[in-house]
Each structure stands twice: as structure tokens, then as C-alpha cells.
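After this come two complexes, each holding chain A, first together with chain B and then together with chain C.
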Partner chain A sequence: MLVAVLAYLILPLIAMLEFSTRGDVDPVTKAATRSLQSYAAIFSYPNLVDGIIASLEIAALTVVGMLAILVPTMVWTVVRVPRMRRVVEFLCLLPLAIPAIVIVVGIAPIYRFIGQHLGPLGASPLTLTFIDIILVLPYSYRAIDSSLRGIDTATLADAARSLGASWPRTIFEVIVPNIRGGVLSAAVLGIALVLGEFTISSLLSFNTVQVVIYLLGKRDPFVSVAVSLLALVFAFVLLFVISRFAPGADNRAQRAAEEPA
Partner chain B sequence: MTSTSPTPAAAGHGVAVVFEEMHRWYGPVHALDGLSIDIAPGELIALLGPSGCGKTTALRALGGLDVVDQGRILVDGKDMTTVPANKRNMGIVFQAYSLFPNMTARDNVAYGLRLRGVDADARKKKADDMLDLVGLGKQTTRYPHQMSGGQQQRVALARALAIEPKVLLLDEPLSALDAKVRRQLREEIRRIQIMVGITTLFVTHDQEEALAMGDRVGVMSQGRLEQIAAPAELYDKPKTRFVAEFVGLTNRIDGTVEAGRINLLGTSLPLLPGSATSGHATALVRPESIRLAAQTGSGARVAAISFLGSMCRVQAAMPSGEILIAQMAASDFVSLQPGTEVSVSFLPAPVFAIAD
Partner chain C sequence: MTQLVTRSASPSATAAGPASSGAGASRFRGAGNYLALIPFHVYVGLFLVLPTLIVTIGSFQDQAGSLTLDNFKAMFTNEQFIGSFMKSLQLALITAILGAIVGGLLAWAVVRGNPNGILRQLVIAACGVLAQFGGVMLAFAFFATFGFNGLITMFLKNNLGMAADGSWLYSLAGLAVVYTYFQIPLMLIVFLPSLDGLRQEWYDASASLGGGAWSFWRNVGGPILAPSFLGALLLLFTNAFSAYATAQAVISQGCALITQQIACQMQSEVILGQENVGKALALGMIVIVSAVMAVYAYIQRRASRWVK
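Up next, the complex of A and B:
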């Protein structure tokens, strides 16, 4: 079973690697050669490089924005207004239930407005950050929520406050270090989602990496697949780093909460 | 509400605390219903009561973790009612383990000092001193998950005391611990509290803990203070029916009240103030006020005997089927066995009687 699952996951990657490393056919032996020229060619497409940079910038801004909104809101909800937890959860999960096309139709007039009135800034793909923050909310919410449930957030906050900590210090010095795993998971999920987001960028005519890959696929499929593979590897490396380094703090909190007297 | 005057328990740097007619509503629930308490500098007040009686609400209000809808909280003469928790300088030990999991014992204790801008060397020294005080001088680099529950609560106590708080608040800090650790730690807390001389509010639902630790014990019910008094006075002279029934074991024995005394099974006993004044009444009699002696033909029989170390607790079945519980020194029960016929008599201590 495990082998079947691994094959299901890995075979497409092997196929991508095989396809993206095809070189010219040897005129003598007629055999296909191997070459990294598709990877080297990535930098010969300025649009592609711009798309990669734009997507990475959007991803970074999205993660920062999402964490800045979500972490204080969720901690505040747990500590001060626990009855609102379900409402916050509902709002955060809502984007899952709304098709991308509906979001685009709803939000297009706003993008038209900022495109007309904010000059170059309004036309920048970085404005996708606003919509991407909404799109990553369901996944990020789940990741942070599970970490918050692993610690006694309210008591830790009370303890920090009684020792003299302001609310910002309580959140960033006491709560966040103990939900580090959840925060990092939320960040990785956010990055992965932004780097994979195509529909909205395409419909709003912004050249993010996915849109450029799609357009490039029509001209040079080898480079297109090479970039896709690199994007996947980048996501895998991020996930590995998170799983390797992140859970320590959360596990400590969990064990402390479960420790018998 | 009844109260005796506060007396300082220790010669330290404690401050006076006053709860003045505090009210707190949670929707329709009146969690604090005109609660007023005067706490003397250095005194340890134990607030005792069943779950939901408002004792934790009172503690959290004093710590600034909850608000009061009416009334005032004065600490050292200053009105603290609306001062935020992080500006009150109160040390709190919580029921749940509250150490910061990402910090060592030393860092936990030093955290409050860091917030106060104490430099690193002084912080470390103070934290180590406080951990020494609670007997954990060799555990400074341990993380909470590497410590037992009792050790964690000791560190929490050290952390609360490190900031030299005006008042120490203990919110059922022993309730998650096993019986032996509880006893050890409560004695330790009391020793440290007397040594430091800090004014302390201790909230518990465990009467033994409250009576053992408190200079005075306040019994709360439905947001109100029923009585606050020294432990012995509270036990021997309950002023309300709730206190008489809630604190300690009581036997309910029917009798007749006349001229300030009640007649119980042929014995006339004086009544405590607040008791029924005439007619049929139910007396609340402590087990240690009842004496049993082997006597054939008396009608009452020993139903069961529980050995409690130096004491024995005997259940006697009366001819009416009622069960009385008596408690005496183990040596006094040598002649009794289950089934032995016994006579019942009472010590001449005053009892509380409720009108039927």
C-alpha cells in the first residue's frame, strides 16, 4: 500500500525530472542525451524571473500579513472572548466554501479601482497579497488552532499579565514561542498556497510564477516543467525544515500540560 | 455576613487589602454579591466554598484578571479596582500548571524581573535565590516538562514571589497534586508566607487546607461571605447554617429548643448564636462532641468503625434507624466492635440548631 502511495506521489516527479532534463538527440546514435539546459534557460526569460520574484514577494507579504492578523486575533479570542471562537473559525474557513471564480467576480471591481487610482502600486501583482491572505486563512487557522489547543493559552496569558507583561509582550514572548510549530506550519502552508495559486492571478491578469509557467508552457514546455519541479522541491524543503525543527516547543508545552502531579 | 477583626499574622512587608461591597454578574449569575473583606498586612486569608461560590472570581478581581461591576478593591489604601493586571504587582499561583513551557525554571522565575528592567546578573541571582527558597536550587535549568507537578508549582510560587508582589494570590495551587505532595507543599507555602510576611489570599475548596493554612478562613456561598473567622472559631462557633453544614462533619439530630438550650436524646446543650429559638429543631453536632460507651440494653449499636491513625470514627445505628458518627481517640474505642450496644452522650459544647 505504502509503495503504491509513494509511487503515486513520486512517479510524476520522476517524469518531470526526466522531461525537464532531456537534451538534444544525438545525431549519430539517435539516443536522447541528458542536459540541464532547461534549468539554465530559466534566467533567459525575464518574465519568468519577474514572476518568480513577484510570487516570492507576495508569499512573504502574505505570510507576514496573515500572521499579523491571525495570531493576535486567535490568542485574544481564546483568552478574552472564548465564546467568539466558533465565529472566528467560521469566518476563517469561509474561503474554502467560496469558489475562486466567485471571489474574483466579487473582488475584481476593487482591483479595478486600485489599479486606476493607486498608480504603479495599484497595478503591481503585490496587491494580490490582500486576496491571498484571505485564501490562506482556512489552512493557517487550522495549523495555529491545533497548536493553541495544545497549551493552556488562557492560564499562560494570565500568568504573564500578572507578572507585568503587556498584551503584545504576552503574545509575542509567551504565547507565540509555545505555538511556534503551528505558526511555522501556517507560514509554510501560506507560502505553498501562494506559490501554487493560478486561477485568481490569471483572471486578474497578474504575472505570477504560475501564470508565467502556464504561458511559457506553450512556448518552451521544458523550461516550464523545470520551474514547476523547482517550485515543488522548494515546497518540500520548506516542509522538511518545518517538520525537523518546528514541533519542539509545541511538544514541550503538550507534555507539560499532560504531566501528572 | 459576619466577620471578626483582622489581625496581622506576620511581621513582614505585607499591605492591607480591602474588598468593598464587590458585585460581579455573569449574565444572570450573581458571582459576587456584595463581598466585603478586610485583610490585614501579612495575613493569610483562606477563602473556602463549593464550586461556583465566587471565591476564584474574588481572587481574579484582586489580581486584575477579572473586573467587578460594582464595589472597590483597595490595596495599601489605593484604589486598584480599574488598574490593569500587569500594573498591579500581584504574584499569582494558578490551579493549572502555568509555567512557560519554552523557558527553564530560572527563566520562568526571572521573567517578571526582566519585565521590570532588572539587569541579567541581578535577575539570575534573584531567580536562583527564589528557587533555593522553594527547595529547587539544583533544578534551575530544567524545563517544566522535566519537572513533577509539585516542582512546577514550587517554581510558580518562586516566580510569583520573585517580583516582590504587594499581595500573593493562590488559586487552588495544590488541587492537581497528590495527597502527600499537597500536605508537604501547603506547609512549605505557609512557612514561606510567614517568613516573607506577605499578605496572601488563598482560594480552595478543601476545608482541611483552608483550616490548616489560613490565619482566618472566609466561607463563601452564592457570591456572599457567610462567615470569616479564625479556623478554630469557624469550626467551633459557626454563625450560619451553611457554615455549620459545610465546614467539617456534622450529625443532624432532632431535638427541642427551650430557653436557649436544646434537648438532645435526654441531654441539654447550649446553643450557638443564630440558632433556632424555640420548638422542634435539628442540631448540627460535630462527631468529636459525641461520646459512645458500651452499654447493654441501650438500643444503639455500633454499625462500623473506621481507623484513622490516632483517631477512630464510629458509626452508631440508633433505634430509629438514624446513623450517628462519633470520633474519638483510638484508645477509647478498644472495647467497641461492630454490633456492640452503646450509650450515646454529648460533650457540653454549644451546638448550632436549625428550626424544623
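Up next, the complex of A and C:
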């Protein structure tokens, strides 16, 4: 039973590997050959390369932006205004109750405005960062929140402050090192989410990696499957590494990261 | 002015009085403390709350911006829209039930293994990827397996001489198969912590009172896990109901599911002349998902009483 389920889960991945390594049919023997030509062909599609680069850039910006907005807010909430904790939590988890397609409908006018008023930057796919930060909030919040719960944040902050540390220093040099497992999980989940994001970039007509894979699939499915497999393996390695090497004290952060809601 | 004073004064006060450390910080609830939360609230307001408001308000407006209920009238009378909602609800329900049962069994198998074993971590990481980040890529995984030139299709054709053509994959039935594929790992991830929470002591206690495996699951394990299972089922339901990427990649023509229908409305709204119908459909989705999530939150609170 278990074997059957695992086989069902693994079969499509093996098929991707088989499909993406098909070579040309041997003209003499008529036998199928194996080759990596689909992987090499990735570089012959400039759109695809651009899409991959754009997605990686958006992922990096999203992680930086998410941490910049979320970490000080969450620390401040715990230390100074615990009453607001529920509000911040509610807002962070809200994207789970609002499907991405709905956000697109509502955000399209806002992006039209951005496109018209931010000059050349307005037409760049990098503006997707704004909305991708929102999309990763629930996952990042849970990861960081369980790390914060694992330490006595308020006491640490009081100690640092009473020794004369400024607030930025307290947050970034005292608290952040203590919740680095949660921060790491949040970052990794953010990267994986951005690399897999399709709905919003597609409907706002930005060529991120998923949009290009989708469009290319009609012309050259072999290359699309190759890139898909690479992206899945990349995300898998990222998630596996954090589960394996995140600091031991952060098991709870790890669990939060695995729990989508 | 007083706000600023409060904010700058509070740290020294905290440092001075031992009584005010830790929880005492909350005593200085001056408005200044709230100022630091403004960037977060402005950001979320601009990119999450404002879009939701645009959808909500827009769905009650006509093209000229005056108040109307026509968009909802269209939603409830147009057979295409009703059909899309029904298809999405059916697909979500079927794949959630299948995913919950199969994924639940898989989670049970995983939980009986070594909790710190590498196999468990491999399975969890793999499930995390498949459940949450797949989208378009999972559609391609199935093209490579069951599509026109897929591995299994070719195998059936060449080795077993069967007339397999793979066209079934590009239908709603095919979509159900692909959806189930990401529902199973999601179930594992959501349900695993609850299974981890089952204690050996409970089983021992049941056994020492003469209970067998059946009576344990019937009277102890089952009732404890039931809320978590139901909650996970609801989560899987909203997950499938909200999905767009996979559906669009598998059935790229037409506006079958409600998410695709909204996308269609969005892309052709100018031509149709009823540009806000899409917003009404989107609001309909919010209402359904929020209702399910509210039940989920309620069940989750009940579940957490036993399983922590």
C-alpha cells in the first residue's frame, strides 16, 4: 500500500527524467537514444534564460524585503505591544484565505498605476516583488514566529537595551542571531515560493520562469520538462538542507515551515 | 510630543525597575509603540487589503461606477459561471477526500519510522516541494508521464500494444489525477504533526485496560485525530479550489474552472462590457474560502486541546 503510494508520487518525477533526456532516434538502428540536449537547449532560448534570471532576482528581493518588513515588526510586537500580536498574525495569515487569482484581480489596477508612474522600473518583472512579499507572508510568519516563541525575546531585548544597545542593534545583533533557524526557513520558503509562482506573473504579463516554461511547453515540451525538473530538484535540495542543517534548537521552526496553515 | 517621550523613556524605565521587565513592557502601551508597526500595516494595507477592497467594492459597481447588483445577478444566473463554480467545487471535494485518505495513510506510515531518520526528512522535503511549489511544473510532470508522448503512454503503446493516446489527461478527469498528486503530499505535511502528537502512553493505557488495536482507534486515537483530519481535509479543499496554475497548464483552452473563469473575465473584460463581473466571481471565491477557513480555524482550536 505504502509502496504503491510512493511509486505514484515518484513515477512522474522519473518520467520527467526519462522524457527530458530523450535524444534523437538513431537513424541506423531506429533505437531511442539518451542525451542531455534538452538541458543544453535551455541556453538557446533567451526568453527562458531571462525568465530564470528574473525569477532569481525577484526571489532575492522578496526575501530581503520580507525580512526587512517582518522581523522588526514581529520582534517589536513581542517586546513592546503584545496586544498587537493577534492583529499582525491575522494579517500575515490572511493571504491563505484570499486565493492568488483574487489578489490579481484586485491588484491589476495598482500595477497599472505602478507601471505608469515608476518609469522604466514600472515595466520590470522585478515589481512582482511587492506582491510576492505578501504571498510568502504566511509561511515566513510561521517560521519566524515559532523561533521567537522558542526564546525569551522580551528578556533578551531588555538585557540588550539596558546595556545601551540601540533598537536596530538589539534586533539585528541580539535577537536575529537567536532566531536564525526561523529566519533561514522563512528565506528558503520564500525562494521556493517565488520560483514556483505562476498565477500572478502570468496574468500581469511578466515573463518569470514559470510563465516561460508554460509558454515554451507548447513549442518544445522537452525543454520545459527539463527546466521544471531542475527547479523541483533545486527546491527539494533547499528544503532538505534546512531540515537537515538548521540549528537543532529550531525543530519547532522547521515544523512551522512544513505546516502551510 | 508625549508619544515620543513615552517611547524614548520606556527603555530606561524598563532597565530601572525589575518589576517592569518582560511582560511589564506591555505597560508602556503609549501610542509611540504603535508607530513602529506603521510600515508593516501600510505595506499590507497597500498590497493586500487594498486589492481585496478593490474587488469587494468593484463587484457592487457597474462600468460607470454607480451602485448595482447586476454583477451578482450575472453570477447567479449565467450558466457558465454556475458551471465553473460547480466544477471547481466538485474537483476540490473529490481530490481533497482522495488526498486526505491516501495522504493520511502515508503520514501514518512515515510517523512509525525513525523520527530523526534521513528517510523521513527526505519524504517531508519532497512532499513540501510537491505540495506547495509545483504548480505548472507538476502539469509538465504529468505530460511527461501520461501525455501524448509520455513514459507510460509510450510503454502501453509500444510494449503492450494498447491504444493509449493520453488525451484523457487534458480533461477534468486528468486534472483530478494531477490535483490528487499534490493533495497527497500536502495531507502528509499538514497531518503529520497531529500523528506525532499521539502518545505511546495512550496506547499503553488502552492496552492495560484490555483494549486491542481496534478499540484503541475506535475510542482513543480516532476521536483525538478526527478534528485534525477534518481540518486537514478542509485545507486540502481550499487548496484545490484556489488553484489556477496547474489547471491552466493542463487545460489551457477555455474557462473551465472558476479560477480560469475569473482569468478569462479579467482578460476580456473590456470587450464584454461588464468589467466587474470578474470581481463579483472573485468575491464569491473569497466568501467560500473564508467560510471554509473559519470552520478550519474552529476545528483547529478544538484539535489543539489534545494534540500539541
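Heads up, the rule we're going with is that the second predicted complex is superposed on the first by the 238 of 261 C-alpha atoms of A that agree within 3 Å, B and C clash if a C-alpha of one lies under 4 Å from a C-alpha of the other, contacts with A are read in each partner's own complex, and residues count from 1 in each chain.
Heads up, the rule we're going with is that a residue touches a chain if its C-beta (ideal position, glycine included) is under 8 Å from a C-beta of that chain, and two chains touch if they have at least 3 such contacts.
Just so you know, these numbers come straight off a predicted model, no measurement behind them.
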Which of chain B and chain C A:Arg169 touches, first, second, both or neither: first
Partner, of chain C and chain B, that touches more residues belonging to chain A: C
First (chain B), second (chain C), both or neither touched by A:Leu56: neither
First (chain B), second (chain C), both or neither touched by A:Arg161: both
Contacts of A:Tyr214 with chain B and chain C, given as first, second, both or neither: second
Partner chain(s) touched by A:Ile134 [first = chain B, second = chain C, both, neither]: second
Chain B versus chain C as contact partner of A:Ile42, first or second or both or neither: neither
Touching partner for A:Val64 - first (chain B), second (chain C), both, neither: neither
Chain B versus chain C as contact partner of A:Ala231, first or second or both or neither: second
Set intersection of chain A contacts, chain C complex versus chain B complex: 152, 155, 158, 161-162, 255, 257, 259-261
Residue ranges of chain B touching chain A (in the complex, touch as defined): 63-65, 84-92, 94, 96-102, 111-112, 115-116, 143-145, 147-150, 152, 156, 159-160, 163, 169, 176-178, 181
Chain A to chain B touching residues, read off their complex: 151-152, 155-156, 158-166, 169, 174, 177-178, 180, 249, 252-253, 255-257, 259-261
Chain C residues touching chain A - in the complex, by the definition given at the top: 10-11, 14-15, 21-23, 25-26, 28-29, 33-34, 36-37, 39-41, 43-44, 46-48, 50-55, 58, 102, 105-106, 109, 118, 121-122, 124-126, 128-138, 140-145, 147, 149-152, 181, 184-186, 189-190, 192-193, 235, 238, 241-242, 244-245, 248-249, 252, 259, 262-263, 266-267, 278-279, 282-283, 285-286, 289-290, 293, 296
Chain A residues within the chain C interface of the complex: 1-2, 5-6, 8-9, 11-16, 18-20, 69-70, 72-73, 76-77, 79-84, 88, 91-92, 94-110, 130-131, 133-134, 137, 152, 154-155, 158, 161-162, 192-193, 195-199, 202-203, 210, 213-214, 217-218, 221, 224-225, 228-229, 231-232, 235-236, 239-240, 243-244, 255, 257-261
